[in-house]
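Heads up, the next two complexes both have subunit A, just with different partners, subunit B and then subunit C.
Coming up: the complex of A and B.
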């Protein structure tokens, strides 16, 4: 039996691996204080960007790709290279999203939003490291509750409607997940889900109750990553929330969900020995997500709603490496996640710019913009090509990587569902072209009389630089994917 | 000592009632109450299981209570917002966002 002193010293030792989370937690408090005393409008956003950069730096410093895993806080969370990589990805996404939000009046002037954004990041950090059901539930709820509050930050009628729908939907999803967890706890008698005893107990449990419990738990994850059939909140929230919040939502909560889903999937799959065919189930969900995301996007005219369905479809693509179940597939998932951050933030920065400058939100209102914003049009074309997954952008490389690992997985296990997923994935890439190219089509090939070309100085808007950097990164990663892959390849997975 | 199956039954009934309220009621506050019942159903399970598995289940239930309170606080704030804009909290009538 451990003495109290041993336990306390274990907790203290754990903090050595917990620097970035401690700084995040303190940073949230400091941000609230800064917001109270600051008189200048830009102080809080600037401070927020600084905090995000510091956290990113610390996580990068603490990253030992080949290091083993360390149990922290008596196995509540685990520090390992895989979760550290997820944390760096989340930090990068947050930093870039905060940079985008500096140009959003809705966020910049109500600086309470920044502590909420960092609360989501903190939840994401802990979620990526979680190896205990309690911590898992806790961090998912931190992310959810902060998200509900962020949704309403436009403070208009539509935002309140989207927030209440999101809230009730999310609360029900998390209640279902919690009830599923209580059953899982009944089967295993343990909350630490990465241990061998937990897996043994799952193997011994009865099939029907076990399937009910695990499906209920899966509901919570599917809600977080916005996969079908729990995607219904996405279009409304994306339409009504402030654009930079949407940009953030499409990245950090979703990727945090994937960080835990990859772990959880390994546990419940039980190396394929378990009674439930999880690979087939998740493949079917991925196929449905791709189909519904892409086909529903086809008939959207509202740009943010269109991008909402596009983000649902991307969840389907991100599920592909999850079912492939190999180390290479997980590395490809990281690659896809990074590319996805660049693509989404680039396009949302431009959407926000046009919303603020021209007050346009519909795809049909984008017509003839090429005359007024020639450079912006080129950037939109590149970003849309990347989202659809065509060369010469990293969107193509990312899709190529995930589908090649899926093909390898199919070659190994000969599961027909993986083949269906492969075929549907490729077909959906073609379908997605129709709606991704709709906006550039309107911008270039439809005319509009009332536009005067603006003077060239105005092309040097700040969003143009940002989107240009993102496009540059995407093109660079297409020609030199090894820059990123070399980093990923160093990660050792000690499951 | 009450056998553990009884707790499971009570919690399953409570969960089913909560889910039924969530699905059938159109009043936002009543839906919240249904969610609360679902969370408490899980709490009963966690505490009942700690007969065999020790304290972690009881801690879990404590955390769930705290989170439920936080969730309700945010929820009521949002519902007040909705009421200001729509003059109703009937969820069928809160339906403005169109394609």
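Coming up: the complex of A and C.
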């Protein structure tokens, strides 16, 4: 029997691996205090960016890619290279999203949003490390509740409506997930889902009740990653929430969901020995997500709604390496995630810029913008090409990598669903190109008489620099993917 | 020095100039035309140098057999479980590509001259034109699949904007249709590319990886043979394999990873169909869209009719050839078994394209649409020649690509001449033009005759070679039945019919023009003559002295046919 001292010392030792989370938690409090005393409106966003940078730095410092895994807090969370990689990706996304948000009046002036953003990041960190169902559920709830609150930050009727929808939808999804977890606990008698006993118990459980339980748990994950059929909240929330919040939503909560889904999928799949053909189920979900995301996007005119469906479609692409189930596939998933951060934040920065300057939100209102913003138009074309996955951008490389690992997986298990995913996934590129070109199409092909070109000085807007950096990164990663891939390659996995 | 960097200069000169043109300050925008022309002239000089220095030699499947080649490692990704991914910046020419590179240079130059009258947003126009130039040349010289694919895809973007911004009334529809159609084709190609790269190793790099030779040392033929032996014996662990996109290595069955999807011996099935056949089909569909073959041709009439004249010229003169060239370089060389297996069907698609294109041309009211459909018809000969897999047929296919490149360039210029003057292309609205525009009429007659394959013009040599090949195939290798050649020959008669009928309707009889500017029809200008005369000379030259092109092509073609037949037969027999 462990004594209290043992337990305490375990907790204390665990904190050694928990630096960035502690700093995040303290940072959230400090941010609230700064917001109370600061009178200059840039202080809080600046402070937030600093905090994100510090967290990113610490996570980089604490990265031992070849290190093994360490159980922390009595197995509640696990520190391992895979989760550390996820944390760094989430930190990077948060940092860049905060940089984007600095230019948003809606966020800048209501600095309460920053503690919420960091709450989501904290939740994401814990989620990426979670190996216990309770912690998993808690961190998902941290993310969800902070997200509901962030949605409302435009403070208009539509935002409130979207937030309530989001809340109701989210609450039901969480409830179902928790209910499913309670069933799983009943089968296994354990909440530590990465253990061998847990897997053994799953193998012995009855098929039908187990399937029900696991499907219920899956509902919660699918909700977080915005995959079909639990994607319905996305378009409304993305349309109503402030643009920089949407940029953040499209990245951090979603990728946090993927960080845990990859782990969970590995557990429930039971090396393919389990009673439920998970590879086929997730492949089918990925195909549906791609189809519905892409085809629904075709009809959208509202730019943020269009990007909402695009982000749903990208969830489908991100599911591809999840079903491929190999170390390499997971690394390709990281690669895709980083590239996805760059392209999405680049495009959202531009959308926000045009929203603030020109007051436009619809694709058709973008018409003729090439005359006023020639450089910006080129950047939009490049970002859209990357989102569609065409060379010469890293969007293509990322797609090439995930589909190579999918092909490899198909070669090994010969599951026809993987082949369907391969074919549908690639063919979807053609569909997606149609709507990704919609915005450049209006910007370039349609004319507007009342437009005067602005003086060149205004091209030096800050968003242009940001988007330009993102495009530069995307092109550089196309020509030299090894710059990013070599970092990923160092990761050794515990499984 | 120049020998090894000439192709790189050909690609990167326009690329760099495109940037320069895009950044030109407002005051000196006229310079953009000059830069584009300068680039094309430099390319012409370099092309001339290549033409003189090129030594006829096979190339094709021999990694060291390519001329003017340059080879640099580009991406080397460690994908542990999947082995290592390696791509190279590998450019070079052999008999299959050199004539098409030279053709591209000529047509691109003509295109610049044809673009001289562009005044609307010319900075954008010429920088896109130069981007297109770079990717076209890149496509013909790339010997690495990823590099080829990069150029192949990158071509779409400038083309999309050039059609969509400077085109005719329905340009928006035509440009997006062109983009989506071609992208669909390239997705099929991408699927095969992923499958291929997972199945093929880079013997030299693998030797280095296994420690058989030190890094940077010369890898001898024996070592490569040893690596290939070990590979086939299954003695190379997966993480030491260096997978490659190199097209030449892909064509060598000894580099196929045993048991992988595209391995000959394994005969893996995908959806109950042999994977290699399926891969060949995917490549075929992908490139057939570009060629274009019936029934995936429907983007072409729209794109041609709506595109501005110089872009129609590029589209017909060069882009369609990339389809044919892609088939030669990738589908045929990598999957010779598929080429043999589907020869009959490819021949059939070719014949259908010939006849269907010709019938459509016959019924076209619009002069440009007529020429567009005649392109489909003539590109059908390329497919038929390829399908025959005889030396005559394949040489004929390449010859047809070059010849059609020159003739269709001229034909679209001719259509452009009329359109510039009247903004009307309807055949029925004109008659008796010969009286008003004698020089123009002479040019039209020359190129119409050239296109219908009259002896003395390049089209005649090309089509006669293709028909000889297709006719001989039934006795030489038994791939094509005789009736295909016979029906294809009917296409020649049809083309005579639509061209002669057009001449009769538009140029003979009483002068009558149904539109307002009818009385103001000046004859050819200096610039137009400057473009058409060299094309006429080249067409005649190739028709009278076919050895100019055939000498470049022959060695490679004979090797190509031998390799395809022998490897293909062997591959088909293994299971």
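Basically, the second predicted complex is superposed on the first by the 495 of 495 C-alpha atoms of A that agree within 3 Å, B and C clash if a C-alpha of one lies under 4 Å from a C-alpha of the other, contacts with A are read in each partner's own complex, and residues count from 1 in each chain.
Convention: a residue touches a chain if its C-beta (ideal position, glycine included) is under 8 Å from a C-beta of that chain, and two chains touch if they have at least 3 such contacts.
These numbers come from a predicted model, not from an experiment.
With both complexes brought onto subunit A, simultaneous placement of subunit B and subunit C is permitted, the two fitting side by side without a clash.
By the touch criterion defined above, A:240 reaches subunit B but does not reach subunit C. Of the two partner chains placed by superposition, only subunit C is touched by A:422; subunit B is not. Of the two partner chains, subunit B is the only one that A:191 touches; subunit C does not reach it. In the superposition on chain A, contact is made by A:171 with subunit B only, not with subunit C. Our angle of interest has its tip at the CA centre of subunit A and reaches the CA centres of subunit B and subunit C; in the overlay it is 140°, to the nearest 10. After overlaying the two complexes on the shared chain, residue contacts for A:145 are found with subunit B alone; subunit C is out of touch. Of the two partner chains placed by superposition, A:24 touches none, neither subunit B nor subunit C. When the shared chain is aligned, no partner comes close enough to touch A:282: not subunit B, not subunit C. In the superposition on chain A, contact of A:163 is made with subunit B only, not with subunit C. The superposed three-chain arrangement places the nearest Cα atoms of subunit B and subunit C 24 Å from each other. Across the superposed pair, subunit B and subunit C touch subunit A at no common residue. For subunit C in complex with subunit A, the residues that touch the partner chain are 74-82, 85, 149-150, 153-154, 156-157, 160-161, 164-165, 172, 176, 179-180, 183-184, 187, 190-191, 194-195, 197-198, 260-261, 268, 270-271.
Listed in rising order, the residues of subunit A touching subunit B in the complex are 133-134, 137-138, 141, 144-145, 148-149, 152, 155-158, 160-165, 167-168, 171-172, 175-176, 178-179, 181-183, 185-186, 189-191, 236, 239-240, 299-302, 305. Within the complex, the subunit B residues that touch subunit A are 8, 11, 15, 18, 22, 28, 31-32, 35, 38-39, 41-43, 45-46, 49, 52-53, 56-57, 59-60, 63-64, 67, 70-71, 74-75, 77-79, 81-82, 84-86, 91, 94-97, 99. Listed in rising order, the residues of subunit A touching subunit C in the complex are 326-328, 331, 381, 385, 390-392, 396, 400-401, 403-405, 407-408, 411, 416, 419, 422-423, 426-427, 429-430, 433-434, 437, 441, 444-445, 479-482, 485-486, 489.
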